[in-house]
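There are two complexes below, and they share subunit A, which is joined by subunit B in the first and by subunit C in the second.
Moving on, here comes the complex of A and B:
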């Protein structure tokens, strides 16, 4: 039916379609192909090298029976929830403040965005030193005279993940702020004028008018922050190496260490397949709702 | 014409010398002071033959960083000249893939089996009857290193076994000395408990039933209950000092900040670099003075297969050098480990090395857990122990989980 009414649909923009074939093939072979390969081999007893030795769901049984994996998932949940909430909140707050046409906006924007230009390894090491009790923040405050001040989250298993969170926020919030600022600048002046004429307080204008209008901007920010959360690895390796104990282990590190330290590829593949499942379960329905809805006429 | 011959002759000369000398990149993880001094002996010996030693050190105790790098290079078709591994089950898969040079002919020609002692070292290099690695030293985990001055400061005698050490701990703390130094890396804590405390307290038979026969009932039984009780005590004794790397923990003992460290005999290299004298400045107790038995761990070098015939010739030459008498003595004196040959003269060996040699001669040896357990099982044990060490997990709980890992071990 569709082809009958629009016979040349497939042939439209032929040259651009041909030009995108190499990239499309790369994406299909590398991403989809390797993903399927990994999922298939997660059902095998592969050790150091991939071997087609079928073991069914054994790797998954073991995975969910392993303390370290459970701890990793809990840490990811804590880190992910806090990171999402705080980076959106702080990013929006900073953007809203910057949007007040203040003097020196460029300077502040640069300062806030700068951490994002650093790699996670640098961020991790810097915050490892900052949070080190013998020469970091704790020492500085004690030298100022507050002798009993104690602030060493990285040495306490209960608080270490929040130490990592601080570093993650420090690095990631700037990006959210810049995206939000772009969104705020996209709001028509007339909206503000109308709100002012009606006597609506500024905070209400933000919450009920501006934020709903910025929905696509929030979606972009959420997707970017979410991918950064799922793949967090280098920050942990640089800052805590997963310690103290297993207190800051994350799933990506579990995958890496199973594959290379324990020489158990099957277990690593099973863990990475689980990570993929979580991403699919959370992100796919939501993004279909979010992005697919618009195309069907909104 | 004359010119042409000259040119030809020169080219022939150049290519002839190129054919004999090769560059060998050697990957290892010996980066602490004592270790680096030891590996320099190998480099010196190889350079003396005209080949060139290209040092490929990758830091990280126990090869945690080096092994993944080596494996990915081997699988990616970029073999190095030689690489260190702890011999044992680490390399099974790589050998099956045919990635390593077969050394059997060289070994038969030089008669390695006649002089390597104990000869079981060669067995752990053998796969399907062929030999793939050169054992270079014998390392054993079962030692505790004590700083004599620290005990003098606390007014107690230097302990002669674990129980006396635990009894001396309050006096040490009163004198401002941390009783025990243990680095925060998983392998150090796991080794101290499953290799050292287990052998010393549960005894060698129970250890072998758990680690070699993988008998989970023994791991859950009363002998191991005592081991984990002692481990909980050790966790408490080690709470006063936080370091990461094992050699920093050793340094704390050498400097007298800490009184003792449970660590393999590679710690001795650090004492040697600090010019401490065994018996005077420090004391070592094999098997914690309770069950003096040594496990036969150690390092070995594997030679990845290479397409270049010159490199292969150099590889065989290095293999032969590493196990030769002179190099064995020079290397092991620096490293603090025991030589793999029974026929070398170690008159320069110190008090602690002599204790080790004596145990070897008496046949008081265990198979190392690297040989018995797969990397996967060792990794799971490490994860468990590091969790235990950094929390208040009870001895009963860690024992139950440990027995579970042994039951699943392959």
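Moving on, here comes the complex of A and C:
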């Protein structure tokens, strides 16, 4: 009886299900299929072309013995941590300042968002010039008469990654700001008034009320920034080519060079599989916490 | 315990006048309602009392102390908002408790005071829910509890019932009335709903375009409206207003002639309430065709066209007639209010 009154779940909305089949197939074949293929071939000794010659964990042994890979991971950790912290902090700060009903808000919003419209290559080159000691920022300040001024992070292996970070922040913070501003605008005016009448100082209102209310906005911003961090590649290629030395090497660049320069597909696959593992290590526990817990009525 | 004095308070934005020359003394423990259509300056007035806006000129005194330059938190007021203004990340208990925390009330008192406030608005079963899991009426009660938990001197309520459905509005209205009576706190209540104003207020301030039109008890403004604006804003239905001419103590307009006035000749606007006039078989002052007829349950509303306006009269619940029928209506001069045709101001006492 029940099946007579209620149509089969599988058959409901048939047309939309049929329409989504091509996209679903694309997603499964390309994303899942190719990922699995890459993981499988990372256990082979493939060189120029993929060849099914099983070598076990050899590629991974070699990967973690390579200084260049370890430095790449360290660089990514520094870049990633700073990028996440600063872009969220600065993005929120700028959004909070813009939210004060200031004059010319549209102008500032546009100015802050503009860098995001530039490609990483343009951003990287521009900042390479600006940070170049012989005609960039350092030169300008010295010409003003401040002879001892030194600011050339890209030439110093200890600081080069922070030079890249500056360019990354300049490029990415505007987007975070716009997302945060949209979140701030979504907060009911009455909440602010209530907080004022209650006598809650503005910073406490932000910390205890507004930021917790903006949780979904933060999740969005964090996901976007995190993907940008993991895949950082072109910015580095344009700005420093990974130098000086290995000071700004990153995993994505390692993968690229192993696969297409050094004709060592197996090693490249192993490195990209490692990158996938790190993403999963972060995403899986978080999504269980974020989405799994809610269903249990948290 | 607080008396609030507003001395010639004005608020302007550029050339736009939000509130013009507001002058009023609000007695201690009084329930004052600011009433008017949207954009009349009532909310601005309340926000100036709250300290969320600064007056352009004039003084605001609470208990004799000038508070113009005080922050909202230093005025010992609490406020209830139309869209509640609850903190969505905290549960009901924490929402009510937050003002106490901020004001550094000793933690030992918190629990007792929060529970007492919650009990007054019957919120005990919901203490651990988040605002998102509450209905509109329950949310507004949380806002009320949060306002009373601090035991402030003045309550400000900014259209607290506007987001509630009709049935809930009536019950919450009764709750607010009861609460203000029990707590004996000066209350200022902003609304555009004249029924709320009539039922809640000790005194009503009717405002329009930033200007106070009339201040008085609900009976006062209902029985003796100061001008045509108040007459047409208060009451359901609003007072009938008909333009006509007065000559020799007789008011005439198309379809109506009423004698027995002692007013000077000239153009006037005549007003009377729907429930004061009566439908009769014949011989009334107003004779016209029925324009529409509405059954209200407890009465029948008969509308006719007269002097270019629609005039409503309440007839008995048994009364029936058809659209287009001729009716006669008695409008004795004793129930009529006369207003100046130009300024709209009241002519007779």
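Following the convention adopted for this analysis, the second predicted complex is superposed on the first by the 283 of 298 C-alpha atoms of A that agree within 3 Å, B and C clash if a C-alpha of one lies under 4 Å from a C-alpha of the other, contacts with A are read in each partner's own complex, and residues count from 1 in each chain.
By our rule, a residue touches a chain if its C-beta (ideal position, glycine included) is under 8 Å from a C-beta of that chain, and two chains touch if they have at least 3 such contacts.
Computed from a prediction, not measured in an experiment: that's the story for all the values here.
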In the superposed arrangement, does A:197 touch subunit B (first), subunit C (second), both or neither? second
Subunit A residues touched - subunit C or subunit B, whichever exceeds: B
In the overlay, answer first, second, both or neither for which of subunit B and subunit C A:212 touches. second
Which of subunit B and subunit C A:48 touches, first, second, both or neither: first
In the overlay, answer first, second, both or neither for which of subunit B and subunit C A:188 touches. second
Shared subunit A surface residues [contacts with subunit B and with subunit C]: none
Which bits of subunit C are touching subunit A when the two form their complex? 50-52, 71-74, 77-79, 81-89, 98-99, 102-103, 143, 146, 156
Which of the residues in subunit A come into contact with subunit C in the complex? 188, 190-191, 193-200, 204, 208-209, 212-213, 215
Note: in the complex, subunit B contacts subunit A through residues 64, 67-68, 71, 75, 90, 92-94, 96-97, 184, 242, 374-376, 378-380, 383-384, 386-387, 389-391, 401, 408
Can you list the subunit A residues touching subunit B in their complex? 47-49, 62, 66-68, 71, 155, 157, 243-247, 257-258, 260-264, 267
